[in-house]
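Presented below are the structures under discussion, each in the form of structure tokens.
What follows is chain A paired twice: with chain B in the first complex and chain C in the second.
So, the complex of A and B:
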């Protein structure tokens, strides 16, 4: 059982490893110009310089603060709207069509308008990120609540549960897995959008470091940025995944049975 | 066994993906030159302008079918660098920061000739209370990152005891910059005289009338691979260009008038270039003025993190052989003097 698990994990490493070796060989023998694809060794050096000078940390801190603020605002309002639409018929009838209409617009399509309204400062970035985080959270919360099995509600009706008890013992636990999925999607959207926002408008942040590096022909810095973004996104998703297992362990085991 | 085959397949896929040379294949007998083209009409002033207007290129190459393509790149010098890196351009003519940052970043290019005398003006909105460079502290300054005015801003800030950390850099250019300045979204930035003339901005500082180290010194560069493959073509192209420069150097008033075809008003051209000799403005020589300025720039850029490692331009950038030969063949060796770091002709 354990060995199988380990094997599964290792299998996921094969392709990255092969790609890494191919990349290293191609750049070592200059089959691809280093200006288009810097060799791994150069990337490690560049990363180390950026790390030890504090440049990377400072900019990551700025980006993460924006993600934090945008995610907090977007995900919590998404949770509220999703819950409201899931629980109360009138709210659903009034708001669901409007929500569905606006969620068809890719968040990036709002950029010109947001820039016009909010300028290029922090407000723009945070509003932009929260718009992105808001959508998956609303959808998944709403879905989760809507999909509480009818049989559960039937049982509840038989036992004549009160409102609060209904919410606490039936609706929340059975919607929670979906809400967690919403959180993960919402966080990963927020992380992608912070980079997008920083590519558009200036200020500190990892996206801005990449824009400037591109203008100064520092391909290695751009690529370090890409990798740092990937690792951070991966780590954040993993963290939420761990939280999920901790709080929803029962869900997993129940499904496995 | 099956596993080994799988891994080999993946490896082959990786090689195919990474190994396919990106960019464009070199088209047959086309010379592609990139100019920074943020504003104005897609036409060149000075040397290239005369080459275009007098069909000098066609004259030189009509017997062997080479054609020329002038590309005016909206993203300016950094965009020219990208074109050179992905083989969609063969030549570029751009400022000190883009050329030096490209070479420092490993782009294989050689500088064939100099293009001098670029000017700029530090502008603020007309109703702004910014009067001096020192007032820029804490303000939002529009910067076309990676271009020569970016480097210029660092120089003038340094003269006033400030650094880029003392201002808020807003990466912007072209019409976006002009709009942002007039709406007050940014507090200052380098721009052209046309903004002042149309009453949309006020000048607090200018390169005009100052030491030449504040001016833009472009270089005309070629992709090393193209140079290796077609040294003869490079030399003939340079010859055509020097003929254009020669025409431009004959009569200053005529040349300034001629340059209005790029869309800049004559009055602005006179303000910007009136104080300098036409010989200086048209000289292609990679002389002390260029080399000393580039040497100083490299130090400044390294100190400010614009380049991460430095290099020796004498070894890795300048290629004077072709220009020397062309000047000799055209009997123009003594038409332009060599200039020193201060922009003064060196007497023999």
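So, the complex of A and C:
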């Protein structure tokens, strides 16, 4: 059982390993110009320089703060709207069409408008990120509440539950898996958008580091940026995934059957 | 004290209306169930037997006629009537103990704990308190559902094909269990089924329904001593009597399907 699990995990590492070797060979024998594709060794050195000078941490901190703020605002308002639309018919009738209309607009399409309104300062980035985080959170929360099985609601009707007990015993637990999915989607959206926002306009942040590096033709710095972004995003998603298994054990084991 | 659990159904009719159509699902049902009786309602699918049960539970609204429990007209679902559905409907995020305690006002009080323990013992699930529904077999889940329906001591227990999803052997075992629970709790039970043997093994009376619209065709008493022997002459005789009711409606009198 344990060995099988380990094997599954290791299988996922095969292709990255092959890519790594290919990359190393390509750059080592100069099959692609090293200005466009520096060898892995150089990347490690660049990373180490950026890390030890504190440059990487400072910029990461900036980006993560923006993600934190945007995610907090976006996800919590999405949670509220999704809950309200899921629980109260009038709210659903008033707001769902409007929400569905606006969510068709890709968040990046708001950039020009947001820049006009908010300039290129922090406000722009936070509002932009929270818009992106807001949409999946609203959708998944709303979905989760709407899809509480009618059969469970019938059981509870026989037991004459009050509003609060109904919410606590049936609706919230039943909607939680979907809400968690919303959180994960929302966080990864926020992480993607912070980089987007920093590519457009920023003085600091991991995206900004990459923009400047591109202008100076520092391909190694750009690539370190890409890898750091990937690792951070991956780590954040895993963290939420762990929380999910911790709190929704019943859901995992049930679905595994 | 007079025993509770008398159900009277008088001239009950139920129609479902769609946009330009009206479908009579139940027509002029009259039935009296005495406290402590075990009644089975049997009929082919689509005869409205589940609708009837849902009306008695209070999950279905709008009917003509009267449904009285101990002389009182029913008004929506109530703790006085327990239900067991065909799918056990245990909440997957609650332990068995908590599922069984769902019908209690304050599941944490000493009294409630005692009631939960007693009912888990009643259905033979002692030791499974902390398990979750997905860890139980179909038969065990259904037993937990029965415990949940009984824990708040309803006057009447309604069972909607409770054993329909179980395999044949588990089913026969559950017949014994259900009979034992019924005897021990002395509660009125009304069970929907499409299994003739099951109805005869368990019931005091079998209500045979015909379809479109659903009406009571015949009420067949089962005056056999318990526990009942499926192979006995009297048992088979009653079985023939029940099956005959279904044959009349088929176009080919020599083939019947149940």
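We take it that the second predicted complex is superposed on the first by the 256 of 257 C-alpha atoms of A that agree within 3 Å, B and C clash if a C-alpha of one lies under 4 Å from a C-alpha of the other, contacts with A are read in each partner's own complex, and residues count from 1 in each chain.
Please note the rule applied: contacts are C-beta pairs under 8 Å (C-beta built on N, C-alpha and C of every residue); 3 or more make two chains touch, one makes a residue touch a chain.
All figures in this text were calculated on a predicted structure; none of them were measured in a lab.
Student: Quick check for you: in the superposed arrangement, does A:227 touch first (chain B), second (chain C), both or neither?
Tutor: Neither chain B nor chain C is touched by A:227.
Student: In this superposition, which partner touches a larger number of chain A residues, chain B or chain C?
Tutor: Per-residue touch count on chain A favours B.
Student: Quick check on the superposed pair: does A:120 touch chain B, chain C, both, or neither? Answer first, second, both or neither.
Tutor: Touch partner of A:120: chain B, not chain C.
Student: Go through the superposed model and pick first if A:169 touches only chain B, second if only chain C, both, or neither.
Tutor: second
Student: Can A:217 be said to touch chain B (first), chain C (second), both, or neither?
Tutor: Once the two structures are laid over each other on A, A:217 reaches chain B alone.
Student: Return first, second, both or neither, reflecting whether A:151 touches chain B, chain C, both chains, or no partner chain.
Tutor: second
Student: Pick one for A:160: touches chain B only (first), chain C only (second), both, or neither.
Tutor: Touch partner of A:160: chain C, not chain B.
Student: Which chain A residues are contacted by chain C in one complex and by chain B in the other?
Tutor: The answer is that chain A has no such residue.
Student: Under the touch definition given earlier, write down the residues of chain C that touch chain A in their complex.
Tutor: Going through chain C, the ones touching chain A are 57-59, 76-79, 81-83, 85, 87, 89, 91-94, 102-103, 132, 134, 152.
Student: Any idea which chain B residues touch chain A in the complex?
Tutor: For this pair, the touching residues of chain B are 7, 10-11, 14-15, 18-19, 21-23, 78, 81, 85-86, 97-98, 101-102, 104-108, 145-147, 168-172, 185, 306-308.
Student: Using the touch definition from the top, list the residues of chain A that touch chain B in their complex.
Tutor: That would be residues 14-15, 18-19, 21-23, 26, 31-37, 46, 49, 119-120, 201-203, 208, 211-212, 214-221 of chain A.
Student: Please output the residues of chain A touching chain C within their complex, sorted ascending.
Tutor: 151-152, 154-160, 169-170, 173-174, 248, 250-251, 253-254, 257
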